[in-house]
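Same chain, two partners: chain A is paired with chain B first, then with chain C.
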Partner chain A sequence: MRKFLFAVVVFLGGVVLPGFARDAGAAISLEKCTLCHGKPEFRKLLVDGAIRDLFVTGDSLKGSVHEKKGCTDCHFDVNEIPHRERPKRVTCTHCHYKGNREGAPQSDNVLAYFDSAHGKAIAAGNAKAPLCQDCHGSHQILKVKNPESKVSRFKVAETCGRCHMEIYAKYKTSIHGVALSKGIADAPSCTGCHGEHRIYAHTDPKSTVYPTRVSEQCSKCHASVAIMSKFGIETEQVATYNESFHGVASKFGSRTVANCASCHGVHDIRPPDDPLSTVNPRNIPKTCGKCHPGANANFAVGKIHVDAKKKESGIIYWTATFFKYLTICTMLALIVHIFLDMYGRTRRLRGER
Partner chain B sequence: MSRADLAAGKVIRMSLRFRLQHFLLMMLLLVLAVTGFALMYHDNALAQAIIRIEGGVQNRGVVHRIAAVLLLANLVYHIFYMLFSREGKAEFRELLVTRRDVDDFLQALRYNLGTEKEYPRFGKYGYREKFQYWGATVGILLIGFTGFMLWAETFSMRFFPKFILDLALIIHGYQGLLGFVLLFLWHLYNVHLHPSVFPMNPAWLTGKVSTEWLRREHPLEYEKLKGEGLL
Partner chain C sequence: MAEKDQRIADGEAVEKEIEAALAERLSGLPSEQADAVRDKIRRRVQEEVERELRIRAASDRKEAREKEKQVEEGEKFVRFNRNFRFQHMVMFTSVILLIITGMPLKFPDFVLSRFVIGFWGGIQNSTIVHRIGAGMLIYFMVHHFLYTVLTRDGRRDFVLMIPGLKDARDIALNVRHFLGKTSERPRFGRFSYIEKFDYWAVYWGCVIMIGSGLFLWFETDVMQFLPKYAIDMAHEMHSDEALLATLAIVIWHFYNVHFNPDRFPGTLLWWHGRLTEHEMKEEHPLEYEEIMARRAGKPPEVAGQ
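Right after this comes the complex of A and B.
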């Protein structure tokens, strides 16, 4: 019996104690880190002359989603103080995976990320490609709903723009960028069109902005009366595009035919009355000329997104309507003629007999 | 008319040249209709299947244009043949629309309604044939014009604003539809379903019709041939 109890104690000890030991060993207290990192002048001069600020205090995580975590929860390669080597970049996947038991959100976004253009670039050895913390931040990671978050609707463009500078500059002055800066939450930021973790190159068929999928992506908002009515923008643009030569060709898989972005621009979309807009009547010859060499001002005469079924289309509507009734009347007249003729023919046959 | 034909009671109605032109016209119109309507009704599942069979929307356009060029070539050949060959000139005279055709049509209508005792007597081509012939010729010229306008869209827009091309597209599509309504409810009725020819007038294949049919349906032509001693 005593032997059995001993065995139980040893077994339980084997199970429980290593946990205690790890906690005791790993959770180096904040005070120890701030001995050095808590000094405001604690910084390092890098070989290229830049200064790396190493100032961290107990407030650094305050308000962030990791508020309750300690330094070594993420910097878990630091196991002695002072650490001799520079700690490695934090690996978020340590906790952030589906099925984790650390209390992190149950999400597979990290897998989606590794499949994305950014993840592939990292895997290919591109040191400039972004890791989680490049977009989400390091110590001050906030929930996406929080307007102060680096990945919030209103801030994400700035975050992407840290690397994609030229695109950010174009976007900032585009109708979407301007609307967003005015606080209109319906306007898309980068992620609105490109996706978040699943960002692919526009040449990748999986991309939400792959040529044949652009109209589908734009139509998510532009076909919605609920959204567009707020801004007085027509919603039939998508439907008329789908009915046009361009739309039909795109639907059947043509990658060279014009989609929304071919004419309206990509990041630099502006309203048509803006002189810088690619669809401003004065710029239309140039815009159409990208695919139709020699396009002239005639390309701008007449509505582009024309719907023959709508009265506002004027002569086009009336011509279509005229032909519709002409065809129906012709059919009816011919059918009547056939019956009359057969009837008459039967009479003639009877007469001849 | 060969002796064998006469013995069998047959008269030549379409020479080989006309049969070939007619056959080409028929095949090309079918190709144009299949490729054209597939685009016009691209939301329809059958249309989508047809476009896939044709090798996508790009190839569909290529097929449509090849057929269109051949059709126009056929038409140009036909016009030259009708205007400058001996056989063509004779046919052309037969096909000219006169006041008489209008009267014939009205008389046939009255007869069918029962207010006229006599059915009109037709020459080689009655109002049915003439309407079909001129309808097809003028229709092909017009649909060809809008078609080429849309084909060379940048060139067209040197002269026309964009909305004229939108209009051309509408007209092109509806005209094709109207053309096929006429083909089915007028031409196919006349040469297949009409009681005198049912199930088919064989002229488009053999070139010949029976002398008896000619006497009943085209009495003036019958009498003319008789008068010339050809029967």
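Right after this comes the complex of A and C.
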């Protein structure tokens, strides 16, 4: 009996205690860790002469989403203090997966990341490709909504720019970058167009910026009167593009036909009155000339996003109107003639005159 | 009988000639070998002559049958000559190609559009097919223009195609006839007002479509001289006239030549170009009378008008 009770206690202890023990263990380990890591001068001189700062205190996680976690919750390969080897890079998937019981958000983002251009590069052995902590930070991970977060709307471009420097430089002076730096939250940052975890190369059909999907991506904001009216930008550009040959061919899967970015630029989009803009009338011959060799200044004479249904389109509107009434009148006359013919035949079939 | 004798005599003459040629050719060979070769050749020639005779007999029978048929149905009148039929075939082939590759671009959201473009293997290919169709239509236009200018039939038909007062009267009369106000039907000449409308509609359509189409095809070259809005105008014309032409063909032309109870499901006039005497009297009485009058050596009473 005693033996049995002992066995039950050990079993229950094995089930319940780790739950309690974790916090206690973490607290202990934090104290133990800061024995060395808590010294501000605690650092390591690397082979290449660089210095790796190893200073960590109990405050390092304070305010972050992992505030309540301890060192070994993430650095779980440290099981003796002092550790003999350098701990491995933290594996976020330990907690961050759908169905986890650690209290991490229930999200499949990690799977999306593995499928993305960045995840694929890591899998292919590219040491420069980013892992979770390269974008989200290591100890000071904050929620996206927190403006101080490295992946917040206003800061994410800077984060991406740490690797994509040239693109960041272009973006920063573009209309979207400038608007964002002025604090306009409607302006898209990198993730606004490229997506967050699901970032693919623009040559990958899954990408949100794949040639045939660019217009769809831009129209998310540019077709919205609610957003565009704030800035006095017309929303008809989307509809007129979709009706143009460029838009239709793109819809049918042409990857060579012009999409929004082909003319307006990609990261360096600027308003048309900016002399550096690709759609500034003075730059139009060059921009159109990318696909239409020999394009000249005539390409800029007349509205580009022309809508034949609007009176402002002038001669194009009148052409459309002429053909509209020509078609209606002609077809009406022809159809009336057909019905009269059928009516006459019916009468004669009935034996009438 | 005399014809048959002639044919036999022909055959004999041919055989004699062959014998002579053979004798000359085989003179150097030993007699056994020469006999074998001669035998072989003779058999082959005989086979060929027999086959030729069989073919001739068949064509004779066919001719006889047609003559018999002609007696039954009356005389056949050639309405469209071979040249004109060829033009029509080129035109409808090209127009069908143009419509099925062009309409999806006007209605990209229509469910069939994606399928039709996919049928050609994507937009890159369908635009090439559209240009092939365009090339055929341009060829047709040039061909028809030369036909109108250079051939007698072409010149005559062009003049007869010009609308006149009679056509207005015919329309009014026909409408009254449809409504049952009168039992009198308009008596058409070679071309009724319906056919004249079709002809001039195609003329107008070709000019607009080819003109604006060339603008769109060679947009960069055109914009060396004209502003961009000229291209936009051409685009609008091309798109709108395409719809009008398609509707006119599918509703009007198809009703008149296919769905109309007199013709359903369509005649082979576009293929053989002939009308029977009955059809001629029914549909083109004035032309019929004119032909009859010309045959009788009398001046036609109501030529054209």
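Simple rule for what comes next: the second predicted complex is superposed on the first by the 301 of 353 C-alpha atoms of A that agree within 3 Å, B and C clash if a C-alpha of one lies under 4 Å from a C-alpha of the other, contacts with A are read in each partner's own complex, and residues count from 1 in each chain.
Heads up, the rule we're going with is that contacts are C-beta pairs under 8 Å (C-beta built on N, C-alpha and C of every residue); 3 or more make two chains touch, one makes a residue touch a chain.
This is a predicted model, so every value here is computed, not measured.
Engineer: Between chain B (first) and chain C (second), which does A:304 come into contact with in this model arrangement: first, second, both, or neither?
Structural biologist: So A:304 meets both chain B and chain C here.
Engineer: Classify the contacts of A:346 with the two partner chains as first (chain B alone), second (chain C alone), both, or neither.
Structural biologist: After superposition on chain A, A:346 lies in contact with chain B alone.
Engineer: So, A:163: does it touch chain B (first), chain C (second), both, or neither?
Structural biologist: neither
Engineer: Scan A:112 for contacts with chain B and chain C and give back first, second, both or neither.
Structural biologist: So A:112 meets neither chain B nor chain C here.
Engineer: Of the partners chain B and chain C, which touch A:331 in the superposed model: first, second, both, neither?
Structural biologist: Both chain B and chain C are touched by A:331.
Engineer: In the superposed arrangement, does A:122 touch chain B (first), chain C (second), both or neither?
Structural biologist: neither
Engineer: From the superposed pair, tell me which chain A residues show up as contacts to chain B and also as contacts to chain C.
Structural biologist: 248-249, 251-254, 292-296, 298-304, 306, 308, 315-316, 319-320, 323-324, 326-327, 330-331, 334-335, 337-338, 340-341, 343-345, 347, 352
Engineer: For the complex, which residues does chain C have touching chain A?
Structural biologist: For this pair, the touching residues of chain C are 104-105, 108, 113-114, 117, 122-124, 126-127, 175, 177-180, 183, 216, 219-221, 223-230, 232-233, 235-237, 240-241, 243-244, 247-248, 251-252, 255, 260-261.
Engineer: Where on chain A is chain B touching in the complex?
Structural biologist: 248-249, 251-254, 292-296, 298-304, 306, 308, 315-316, 319-320, 323-324, 326-327, 330-331, 334-335, 337-338, 340-349, 352
Engineer: Once bound in the complex, which stretches of chain B touch chain A?
Structural biologist: Going through chain B, the ones touching chain A are 39, 42, 48, 51, 56-58, 108-109, 111-114, 119, 153-154, 157-164, 166-167, 170-171, 174-175, 177-178, 181-182, 185-186, 189, 193-196, 216.
Engineer: How about chain A: which of its residues touch chain C in the complex?
Structural biologist: Interface residues on chain A, with respect to chain C: 242, 245, 248-249, 251-254, 256-257, 292-296, 298-304, 306, 308, 313-316, 319-320, 323-324, 326-327, 330-331, 334-335, 337-338, 340-341, 343-345, 347, 352-353.
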